[in-house]
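In structure tokens below, several structures.
Two complexes come next, and they have one chain in common, subunit A, joined by subunit B in the first and subunit C in the second.
Take a look at the complex of A and B:
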């Protein structure tokens, strides 16, 4: 007999009730598992899946030591110590341990922070080494935690600090190479999305784990030679202190490829302690960031323009009266007495302004610096020698300077007369050095560069040899004449200071400082740009210095700096004398 | 209740009268639907346990991998520290201030020998 529930019986009611509950359960489960499926899956993932940033390692920076890269900037893991005062059991013990292990790294008021019971998080020490951190961990102090952070470390100390720049607390490069090539050095962070356990250990369960490895930053090799850099920094420091200058810059370039072999400034800063610098100007690399009126060093450019245009040669003559009238302005020589009919070589030797204004006039109609002459000068100075515009060197905060176009009202005859001897225009020391390289190297302009290549997997990979960005800015013959002229100009008064058997040439510069609508007579910028080598120029050295309220002379103050470095360079580069 | 075994004569036995122990056993125990369900459930449970065991083993590897990763990170950090120390020791300033360098003298002049 088939058992049946009696209709209306309690069992029947119970069965129906169970059925209804089961249906309710089924509907609820359908709602939760089918309709709200995505919502709950997302919620579960939110709790179970951990998303982590895999930080890219910032690239290291190398300098050259001869042909071998050496490390200038590296990375180091250091530790920040924080406390949770609310859970600290023995505050005195924490203070004692911190004092004895991390005395120099604790914050001044860290004792108060440790005892601040109402707070849950206080940072009490920065930049602890791993050894220090391990010693503190051994003490098993309750309420003390560590956070590992990567920081830049400089094994060579202050060397090339303004070329390098620094990396701030947020990990961003500032100034120098760190600022300019920040993206390349920083690399790209990776990411990790995975199910983890309660201890945050990634587990391989689940099918949605994502692991994108970080792309580490490039390890850059600079063209800066460590030994040259050290030498010129020593010289800059000693000379600046001796002369009492506020600023002294030295640039050493290879004129045959545009590579910067050294770039030093006084004063500089310690990149490992950039946060202690109170004067922001110290971060600026004056050789690229400070515009100035270059003065008589520009006479080499004016001479090159005149020779290249075929309006003058070194042996050509002009009549010197020590003063020359241009429109409503009277221009005088700083050195007087070389009057009469003299050659342009003599004008170069004695740095006579009148000779170079005359060259400007010969670029025009012979008696005026006409619009045609101004156009020619602008073409050579700005478009060919790249003066008055950012060079594009791989260093942040480069100043452009400026040369007033002859198409503008301010680009009149008087301005261009001043420009023939380097006043009335703005340039940086690097621009003058790079332009001078083209003057003496045969007439090819190379973009200045501080990057030589990269280190990949421990191996140095050099960039392709730089090619001139502009060939034939002046002819090879003009360049040869300028080498000869600058050599004679130097030898005319300073032949005894150079090592015999080498070709050393250069030009002094003493420029007035524009102040309050005019030029100051009590402040000058001294500079010297020159080259050295045997059969061909092997290096170009640019020196500039300035001191507030100081009258500094190119020949008296800047030239000896060039000489000291030049004689040292001949030995360091193992350049054999001619013959 | 007794039952009689049914003997099975293989073809080989028929031909050669050997392999006399070859039999076809027919169990008298019949499995009902409940027993089948229980057995299937048991099999599923066993399979589930095997899966859980394997998954746990995989997780165990995760912990091992994590431990090795930590060791690699630790060793890399030590390597970096040694590299920094090495760079500091070979820095120009350190070399200049070394006792060997201090005893060196500057050459009075440089001579080049031409071939």
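Take a look at the complex of A and C:
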């Protein structure tokens, strides 16, 4: 390649000059392209590769309307605006555009953020509508980005707010199903890394692009029936206001599968404006989150235990003196005067504590609630009816309650004597309702659930019909006897309130509230648990209410709530009366 | 009258001795290969360019730039073969006319711009629109005219041994070149073309045997003029400041944006490059990707291997030009090739040097590769002319013999000129 040049001519100088320059170029290129290659690749990447999160869409939440899912919680897209101050070319223009288009959405100090040249990421505005975002996009501002953020909207307003919970600004579910099933609802964000051109338009060059699509969250269908929920919320609100209670909870369950058809508390909150709630207690779903001593409703459980163990029947008798001595404690009846030899049905009808303490004793040696009797009661209450332990319903912040084991010092005879009528133990309204389902449904315990299935691609996909977690916790015969007894107990005093032709049974509860140093007589929790149906129980309704310094009676205050809902349920579910 | 004398004398000497032979194929091959590389790169990045321009509100099809460059490619080939076929004597005879045509076109353009007939871009009018035929750059005509005119003028002076004669040679040259530079650099504000004009004249004077004293004066004058030009223009000051910062500049600094992105493009190419069509810098990060910055895109696309190969192609072409020049007997022809060499070398060296950050940006194209018809057509015409002249070369021994005489003549001439000039002064 060396040219033949005339020696000593000036063209030789030019040739040498060209060659020297070529060598300088080669060295410089070697430096740039080989030695500093990684440096420049890094610079190129930093500038060319845009990383993006592909946000998963949070699942919507449906309630049932009969057999069809209807939306309770939907999403709307709002936009978070962020900037990369290091690449912003015209900070003042960015500020002007943001002020004119999204003046109400910008953060207070966003002007400083835009000018933070050393920073690569600053969020400057929240919750822009699509229209606002499009207006800003039209300006083609360099260094301004958008992140679509999903926000929850509630077409049914406050309906089932404490079952639903809410989603906070960071997109995390709190309380209710939003909290408990947060992962399932949230899905999994995808990720996008693309090489883009100078205006951030992705290019299809090279193999450097990564795309992991987002996995959207499941659209949940709750077992909550919109109409039932709406009804019981109305009832709860009206009754609570009328009675002046601080809290009123209603749970409606299907005893044949454990599905919660309605769960209402008063007071509740507005999930669309969760951030305005000042009393954090309002987020709590009292029916699952509040322990209480359930009181006389538990007598149905004691009776079931005794019958199932074969130590007593409804028609068996005992001698009632209105008081009974257990160890160092004297237990009295609330209703007095039904003394003498009476049946356990009568004890049930009048809710006589002595009768149930007697059942406890008969589970033992006849005169004492022995360790064997206590073990039996613990087995039935805790292990079979699942009282005093979290039910596992798909709702966040569930309280467990508690039953003191007979193996413990505190699990003594006096405690278990109290437990025969529902004192000295803690449970939630849902636990009582779920246990009562097993008492009346033939003896199968279903885990309470609020989830019916999912909606996939617009089609409802129901979960498999729930199976009992425990079959035969009591025999079907025991269960039949309890249905009969609770029906009679209800009918003995309140037969006229129910629609004729149906099987409606239930048990009142008036529990004393443990205060420092003992039980208070001036403050009681009223409750009622009962079932309704024709040939078989179709629903179980649990009502509980509480008011600071208020004496609330199961029969006087809670029972009418049950009755109102029960009669309405018979119509709503179109249950045919017995022929 | 006088011109006729030059031509007569110019023709007389070599043609009796020189046997016309086959041209130096390498000149053709190198020219063609380099043009092909340019066309390939524009094919690869044309769609990105169109996309970028469209995002600024234009409406170009993906293939627009490629098709336009392909047309220029064809025209350039025609120009090359035309310059190869048309007898050099004819071209040289009419060189002055081309020069005047260039001057007239430039003056016309300046007047048209003043009265507002021609649109100005970047504060200056450099283009004459020919409607559907595209547009033409008068400065290129001027450049080609200067090349041919100076070859004849200096060739005659060389033969007379008057190359260093201040009145007969140097002052007229200074006036002509000065006028041309004034048109290009001051009126059209095109420093790049100004530099290549200077390079053409300077390489001719250098090869023609300009005295070292004058070479030094020429060098100092160019340096001073360069400094004046730099300090009278803020953007040139910025470019120089950027250059002086070396590799320590950053992309966020607007002044160094261009050069920094050229380095990112070249550096990210690595050894083998990112491959054809995978250039990312061409998508808008690197300014002037298809024009002045095409070397950086080649660096990104083909890597170190590619840049080395490209430099090798250019060096080969330049060396063949030097070799052709060295083996021509007629001084006019020698100077003509010297001018082509200077033109080519100035463009290649200054363009690449700027792209790799060892010289300030001057806005000069990479010949045969950069997008743009006029400059490609004129440089290929110049190369075609050199290709024609490569048929007239003689063997080295013959050159020695001839130049030996010539040298002695020049030496005598030099002495005489010096003497004459002293007398003149």
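To be clear about the criterion, the second predicted complex is superposed on the first by the 466 of 579 C-alpha atoms of A that agree within 3 Å, B and C clash if a C-alpha of one lies under 4 Å from a C-alpha of the other, contacts with A are read in each partner's own complex, and residues count from 1 in each chain.
What we mean here is this: a contact is a pair of C-beta atoms (placed from the backbone, for glycine too) under 8 Å apart; a residue touches a chain by one contact, two chains touch by 3 or more.
Note that the structure is a prediction, hence the values are computed from the model and not measured.
S.K.: With both complexes overlaid on chain A, does A:203 touch subunit B (first), subunit C (second), both or neither?
M.R.: Once the two structures are laid over each other on A, A:203 reaches both partners.
S.K.: Output check: A:130 vs subunit B and subunit C. Expected answer is one of first, second, both, neither. What do you get?
M.R.: first
S.K.: With both complexes overlaid on chain A, does A:576 touch subunit B (first), subunit C (second), both or neither?
M.R.: Touch status of A:576: first partner only.
S.K.: Contacts for A:415 in the overlay, against subunit B (first) and subunit C (second): which applies, first, second, both or neither?
M.R.: A:415 sits against neither subunit B nor subunit C.
S.K.: Once the structures are superposed on A, label A:71 by its partner contacts, choosing first (subunit B), second (subunit C), both or neither.
M.R.: Only subunit B is touched by A:71; subunit C is not.
S.K.: After lining up the shared chain so the two structures overlap, which partner does A:156 touch, if you call subunit B first and subunit C second: first, second, both or neither?
M.R.: first
S.K.: Should A:374 be classified as contacting the first partner (subunit B), the second (subunit C), both, or neither?
M.R.: After superposition on chain A, A:374 lies in contact with neither partner.
S.K.: More residues of subunit A in touch with subunit C or with subunit B?
M.R.: Counted on subunit A, the partner with more touching residues turns out to be C.
S.K.: One more residue to check, A:384. First (subunit B), second (subunit C), both or neither?
M.R.: A:384 sits against neither subunit B nor subunit C.
S.K.: Where on subunit A do subunit B and subunit C both make contact?
M.R.: 197, 201, 203, 205
S.K.: Taking the touch rule as given, give the residues of subunit A at its contact with subunit C in the complex, in rising order.
M.R.: Residue list for subunit A touching subunit C: 1-6, 9-11, 14-15, 18-19, 21-22, 24-26, 28-30, 32-34, 36-37, 39-41, 43-44, 47-48, 86-87, 117, 195, 197-199, 201, 203, 205-206.
S.K.: Would you pull the subunit C residues touching subunit A in the complex into a rising list?
M.R.: Touch residues, subunit C against subunit A: 48, 51-52, 55, 203, 206-207, 209, 247, 251-252, 263-271, 274, 277-281, 283-285, 299, 303-304, 307-308, 311, 315-316, 318-320, 322-323, 325-327, 341, 345, 349, 352-353, 356-358, 396, 399-400, 403.
S.K.: For a test of understanding, state which residues of subunit A touch subunit B in their complex under the given definition.
M.R.: 70-71, 74-77, 130, 153, 155-157, 159, 197, 201-205, 226-227, 230, 571, 576-577
S.K.: In their complex, what parts of subunit B are in touch with subunit A?
M.R.: These residues of subunit B touch subunit A: 55, 58-59, 61-63, 66, 77, 80-81, 83-84, 87-88, 90-93, 110, 112, 114.
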